[in-house]
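Working notes for the structure below.
Every chain is named by a letter (A, B, C and D) in the order it is written, and numbering of its residues begins at 1.
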Amino acid sequence: MANLYFRYAAMNAGKSGILLLAAHNYVERGMVPLLFTAEIDTRYGQGVITTRLGIQREANTFNASTVFDLDLIVKLAPNVACIFIDEAQFLSREQVLQLHHLVHVHGVPVICYGLRTDFRGEPFPGSTYLLALADEIEELPTICGCGGKARHNMRIDEHGKRVTEGKQIEIGGNDRYLAVCPKCWHLGVQTSRRPGKGLVAPEGR
Amino acid sequence: MANLYFRYAAMNAGKSGILLLAAHNYVERGMVPLLFTAEIDTRYGQGVITTRLGIQREANTFNASTVFDLDLIVKLAPNVACIFIDEAQFLSREQVLQLHHLVHVHGVPVICYGLRTDFRGEPFPGSTYLLALADEIEELPTICGCGGKARHNMRIDEHGKRVTEGKQIEIGGNDRYLAVCPKCWHLGVQTSRRPGKGLVAPEGR
Amino acid sequence: MANLYFRYAAMNAGKSGILLLAAHNYVERGMVPLLFTAEIDTRYGQGVITTRLGIQREANTFNASTVFDLDLIVKLAPNVACIFIDEAQFLSREQVLQLHHLVHVHGVPVICYGLRTDFRGEPFPGSTYLLALADEIEELPTICGCGGKARHNMRIDEHGKRVTEGKQIEIGGNDRYLAVCPKCWHLGVQTSRRPGKGLVAPEGR
Amino acid sequence: MANLYFRYAAMNAGKSGILLLAAHNYVERGMVPLLFTAEIDTRYGQGVITTRLGIQREANTFNASTVFDLDLIVKLAPNVACIFIDEAQFLSREQVLQLHHLVHVHGVPVICYGLRTDFRGEPFPGSTYLLALADEIEELPTICGCGGKARHNMRIDEHGKRVTEGKQIEIGGNDRYLAVCPKCWHLGVQTSRRPGKGLVAPEGR
């Protein structure tokens, strides 16, 4: 039985790397994964899924006019075993419903990776509907500078100051965003480069 | 470290019963749980959380003007160990943010129980923001008549026919809604009263 | 597709209540659940699943010689939709393998509820094999007196002192065991009856 | 609050790749991860964690005589922010208890990656105690050739035939093991190289 999955994370959690590892599992078994990423995300060129550890793969792109129906899938990969979508927060409500239909009426598993909320704490359109409709929702963990679990994205301006207003989407490098825990996000604390707290062996050794 | 939890389910999954069992764990340890339910839900009287197995407890009610700040909590239960909220899909965006603040700035754990989507597949306001901001999201499972996992709510009219348009909120008994799996929801199938498929012992016994 | 589930918890987390709520979901849909509990657990009489909130249901019992094969299931409930097993930590390795076979070869879902570890931190035989083979493993949360998540069971003698050695199984009331968090378990701390820490409204109100 | 994590999977699910991505999250934030792998696993040289996508990192090794106490950690990395352990199924009962103690008494998070069961369905010593004691247990998904979720490891001899008896540990390449779903494991089916089932666009297109 096919499922719709949403694996969300804060920025720089390694989502694309985990996507490529999962897709590779299909390739190794002789099965065909079909990869998509958002056309809007051109950080590493268009139609490329890239990890910070140096791996990259080509991918199809989607934009606002893409229709995820059987025609598209059959055209791209009639033998598809699983659809992978990176930057899934940029999907529209209609596109999430199309993917949900592909999964539950046509039996094609779909695994989406994306952000949950923007720097203001607002969910993206794709996240809203994936969270509402996905069969399995999973958080990919990452770490706040304070040691807590990072679940929010703080936007930083060019002087390193926190920004709390502005447009939802501003594609940028890692340097404009900081993944932080809920407490640091509420209090506006930036603890980005903190070393571990330092352990001391017992009895003065 | 306190967390904000969202435990969602389709209708009639036993959410209120699970809430009362969890709150009882606090009472048994001499700790104080603080219970809320939606004023709008008057199926069993106002300010009462009731299970279909016959247990009920009094609860505070919230409506659109409730402010979940420290003043309210201190007034109701200064020694509170955990806040439980039933029918949490009726919370507003602001109320979810207030609860998120109570959790992460004031250290009070909050556990919310509610529906994820309405009969059209649209998330409720409270669900949208709980799914976006909760630290832990958990599905409380229930069963579709076809044997699959029920994740959607189908609205039925007085003649037993499926309804796909109408207002989001229509408080009613179990008889107006059917919890169904994604496939039955897409195809509009009502398999509400199906017995098991029948097992046969091997070798004609 | 049927699955084998293991929902584990520390003592007094409300496992039996959650089992009865889940089984009730089947009854409401006209489907047949089949209930088992351990013959060894006679706290509330034999063959009865009881919750601390006052609900109870009759159940079949299993002991070391029970064989969970198709013959048994067909004899007890040929139309079974789901098998529920309480006190599943008392299952043997062979019985877990039989249930795993029922699930994956005969398509009968099986949901097991039980303890994960004994008072010494050792897994029970049933827990060991359910943790090794279950398709879905879920922790049912409960609370330590210190506010942390209780995951261990501390055994207490008749004078209220902690016991760290002895037989694995000693059926007793709640008064002989304390559900505690990992830290309290390591340090041997009993914080069983602590009220909340007390909130103070801001600005002296 | 630190936790002990166990992320288990069948063989070839990409465990080591996910470990390296997670450790990299710490490095990017200027925090110090401490990596271990089993001395026994020399597939890629000793003291190296390698992924099938071509990334590798040096790691400390553990064997049966390693003691995971504060002395060891302080010696290797006094500023450690998180301990990562690959091939954690090879840990002993005592080593899992030492790690549990490091987490809950000394506050060092520990994330273990490993297999859950061997080719006979028996848990490894490390898996048994990690499943019994970990605060969070998570399955890293992979795929069976039949399209189901792979949860078991089938051992294959040099002629490609399934083996069901033998020693628990036999370090070998991917060619001696097949990750399969519970049903294929019970029935002994090898569907390792199956293409997708083939989709057909509606209406003859």
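To be clear about the criterion, a residue touches a chain if its C-beta (ideal position, glycine included) is under 8 Å from a C-beta of that chain, and two chains touch if they have at least 3 such contacts.
It should be emphasised that the depicted structure is a prediction, and the values quoted were computed from it without experimental measurement.
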Exercise. Would you mind naming the chains that touch chain A and likewise touch chain D?
Key: none
Self-check item: Label of the chain whose CA centroid is most distant from the centroid of chain B
Solution: D
Quiz item: Per the centroid of Cα atoms for each chain, what is the distance between chain B and chain D, given in Å?
Solution: 36
Quiz item: Can you give the whole-Å distance between the Cα centres of chain B and chain C?
Solution: 23
Self-check item: Centre-of-Cα separation between chain B and chain A, whole angstrom
Solution: 27
Exercise. Would you mind listing the residues of chain A that make contact with two or more other chains?
Key: 1
Self-check item: Topology of the chain contact graph, where touching chains are joined (line, ring, star, complete, other)
Solution: ring
Quiz item: In the complex of these two chains, what residues of chain D are touching chain A?
Solution: 12-14, 17-18, 20-22, 24-26, 28-32, 51-55, 70-71, 73-75, 77-82, 106, 108, 141-143, 145, 147, 174, 192-202, 205
Quiz prompt | Sites on chain C touched by chain D in the complex | solution = 1, 4, 97, 100-101, 103-105, 116-117, 121-123, 127-129, 131-133, 135, 137, 139, 148-149, 151, 182-183, 185-187
